[in-house]
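After this come two complexes, each holding subunit A, first together with subunit B and then together with subunit C.
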Partner chain A sequence: MVGSKALVKRNKGALSWFLQRITALYLFVFLIAHFVIMHFTGSGEVTYQAVAPRLSSPLWKAGDLLFLIFALYHGLNGLWQVLEDYTKSRGLRLFFYSLILTMGIILLVVGTVTIFSVKV
Partner chain B sequence: MLKPKWFYPSYKKDVGEWAWILHRLGGLALIFYLFLHIFVTNRLAAGPEAFNATMKALSTPVFKFLEWGLWGVILFHAFNGIRLVLVDFAGASKYQKLLFWIAFVLFLALWIPAAWKFFL
Partner chain C sequence: MKRKFKIFRYNPEKDKRPYYKEYEIEIGEGWTVLDAINHIHWYVDGTLAFRRACRSEICGSCAMRINGKNRLACKTQIKTLGKGTIKIEPLPGLPIIKDMVVDLDPFFRNLEKVKPYFIKYSPLPEKEQLQTPQEREIINEAAMCILCGACTTSCPSFWANPDYLGPAALLKAYRFIFDSRDEGGKERLEIINDRNGLWRCHAIFNCTEACPKNINITYYIKKLQNLAVNNQF
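Now for the complex of A and B:
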């Protein structure tokens, strides 16, 4: 019983370890491209008129949606790893885990609304 | 007893320890920024006037300086992250110190000159 529980936990850790690195590779390319496009190309001024043409394309919407999901997963998974390192009480961990999950869902909804607010 | 890794890093005293600390601090800064970023970019859903007004309010010299700082945090976390992926997936742990310095030079080389775009 205890053994199988420990195994499940270990596997879960391995999966999040693996996904942290896979999402890292996507973020490396997409986040750097995102920042360069927003700040180093064009006038450098962020306006609706500058952003909307890209965001109205289905391909950019798909890329941005994946960007949103991967960034949230990577960031919140990282935050969870940090919090797990500094807390040992079960209750406190459960509290942080619920908080992270709730924030993740809220941010995913808010971000998705943003992406689809610019019409094709 | 779980000892906080912050005070008891498992690494021996070399650049890897500094990389670990900076990667963790940078990651925390980035997830904090992502929270704000997702809510601010949601102003797109409020239409062109509202979005442009918000962007204008966020383009003061203080915010420009913070954006340049953000670019630095992104670059360090990104290049050190690639180093970690190479160590974990490509068996490059023998070269982790060399890889740190390569990542550090790339970070400085792309970060420092980028200042002109934010301050000029």
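Now for the complex of A and C:
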């Protein structure tokens, strides 16, 4: 029987499994909020005038940035776990891992720029 | 009543590639699939190879793929299989020795990795060690495993990567880690907390569906993942 705080030292997949669940929780709550705000409350108008004030508030920017980071992590981590199942050679794994990492970084930069550039 | 059986045949010493052979036999009331292939082996075609021993779903020898699902031949009543031809194949994901006989070495090697035996470091008690009914309840279902291999060989993660410990080994780890009398929990958790261990389970639930003992294997793997995460973060 393992006591409450047995020490499991190295990260061997536990962290990515854990973060996958944490990010999923945030994505779920955020998407529900998105549906409520966009489709069930407000005027239902999707115009720049209607959306820009919300997107330019710091709180929304923070939420969106978190969403961007979490969504990227969740999606790409999931993709990596599938690829890890089916690729065995070190070279191929390194290739896919770098591809995913590069994709993540590029999308993160583009997304961050988009979030911060919205002004009323 | 006559039933048709389409049986996987492969003898690596003679056949270039595997093939299916059809047998039509007269079956009796209450026959299991094992009764039928025993009949074929004894009276129709003696070259058919398969494993069996207890014929009462406790030894786990006769696990095979019947109509596309991993089951025990001795537990599968023919009349539950509908009207069509019954297709019998070896367990997938393992090297084939002959016909339904597969090489179970990878399966048992993975099992050995999780130390499937009691570990005790403190002095042994004078008498047998008792458990409360509540302590027993935690491991009761997991301890029902007969090591037939139906779960591990139904797992797509195992098909893709035979180094993955697989549901049977992880279930065995659960059975000892959550046993109140065992003291090897920490070292077992260290072993299964690995990219080829706990974290390769993607909750596909094939193992739970395949288990002839109806053990909810995925649930216990999730319990282990929970324990590993709670210990770390």
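One rule holds in what follows: the second predicted complex is superposed on the first by the 97 of 120 C-alpha atoms of A that agree within 3 Å, B and C clash if a C-alpha of one lies under 4 Å from a C-alpha of the other, contacts with A are read in each partner's own complex, and residues count from 1 in each chain.
The working rule: a residue touches a chain if its C-beta (ideal position, glycine included) is under 8 Å from a C-beta of that chain, and two chains touch if they have at least 3 such contacts.
Predicted, not measured: the structure shown is a model, and the values here were computed from it.
Undergrad: After superposition on the shared chain, which partner residues are touched by A:13: those of subunit B (first), subunit C (second), both, or neither?
TA: second
Undergrad: Between subunit B (first) and subunit C (second), which, if any, makes contact with A:97: first, second, both or neither?
TA: Neither partner.
Undergrad: First (subunit B), second (subunit C), both or neither: which does A:86 touch?
TA: both
Undergrad: May I ask you to name which of subunit B and subunit C touches more residues of subunit A?
TA: B
Undergrad: Identify the partner contact of A:47: answer first if only subunit B is touched, second if only subunit C is, both if each is, neither if none is.
TA: First partner only, subunit B.
Undergrad: Using the superposition on chain A described above, determine whether A:110 touches subunit B (first), subunit C (second), both, or neither.
TA: Touch status of A:110: first partner only.
Undergrad: For subunit A, give the residues common to its interface with subunit B and its interface with subunit C.
TA: In the superposed arrangement, which is not itself an observed complex, subunit A uses residues 85-86, 88 for both subunit B and subunit C.
Undergrad: Which of the residues in subunit C end up touching subunit A in this complex?
TA: Touching subunit A from subunit C are residues 157, 160-161, 177-183, 185-186, 189-190, 193-195, 197-200, 202, 225, 227-233.
Undergrad: Within the complex, which stretch of subunit A touches subunit B?
TA: Its residues touching subunit B are 21, 24-25, 27-28, 31-32, 35, 39-40, 44-49, 51-52, 55, 68, 71-72, 75-76, 78-79, 82, 85-86, 88, 103, 107, 110-111, 113-114, 117-118.
Undergrad: Looking at the complex, which residues from subunit A come into contact with subunit C?
TA: Per the touch definition, subunit A meets subunit C at residues 1-2, 4-18, 81, 84-86, 88.
Undergrad: Which part of subunit B faces subunit A closely enough to touch in the complex?
TA: Against subunit A, the touching part of subunit B is residues 2, 4-6, 24, 27-28, 30-31, 34-35, 38-39, 41-42, 44-45, 47-48, 51-52, 55, 59, 67, 71, 74, 78, 81-82, 84-85, 88-89, 114, 117-118.
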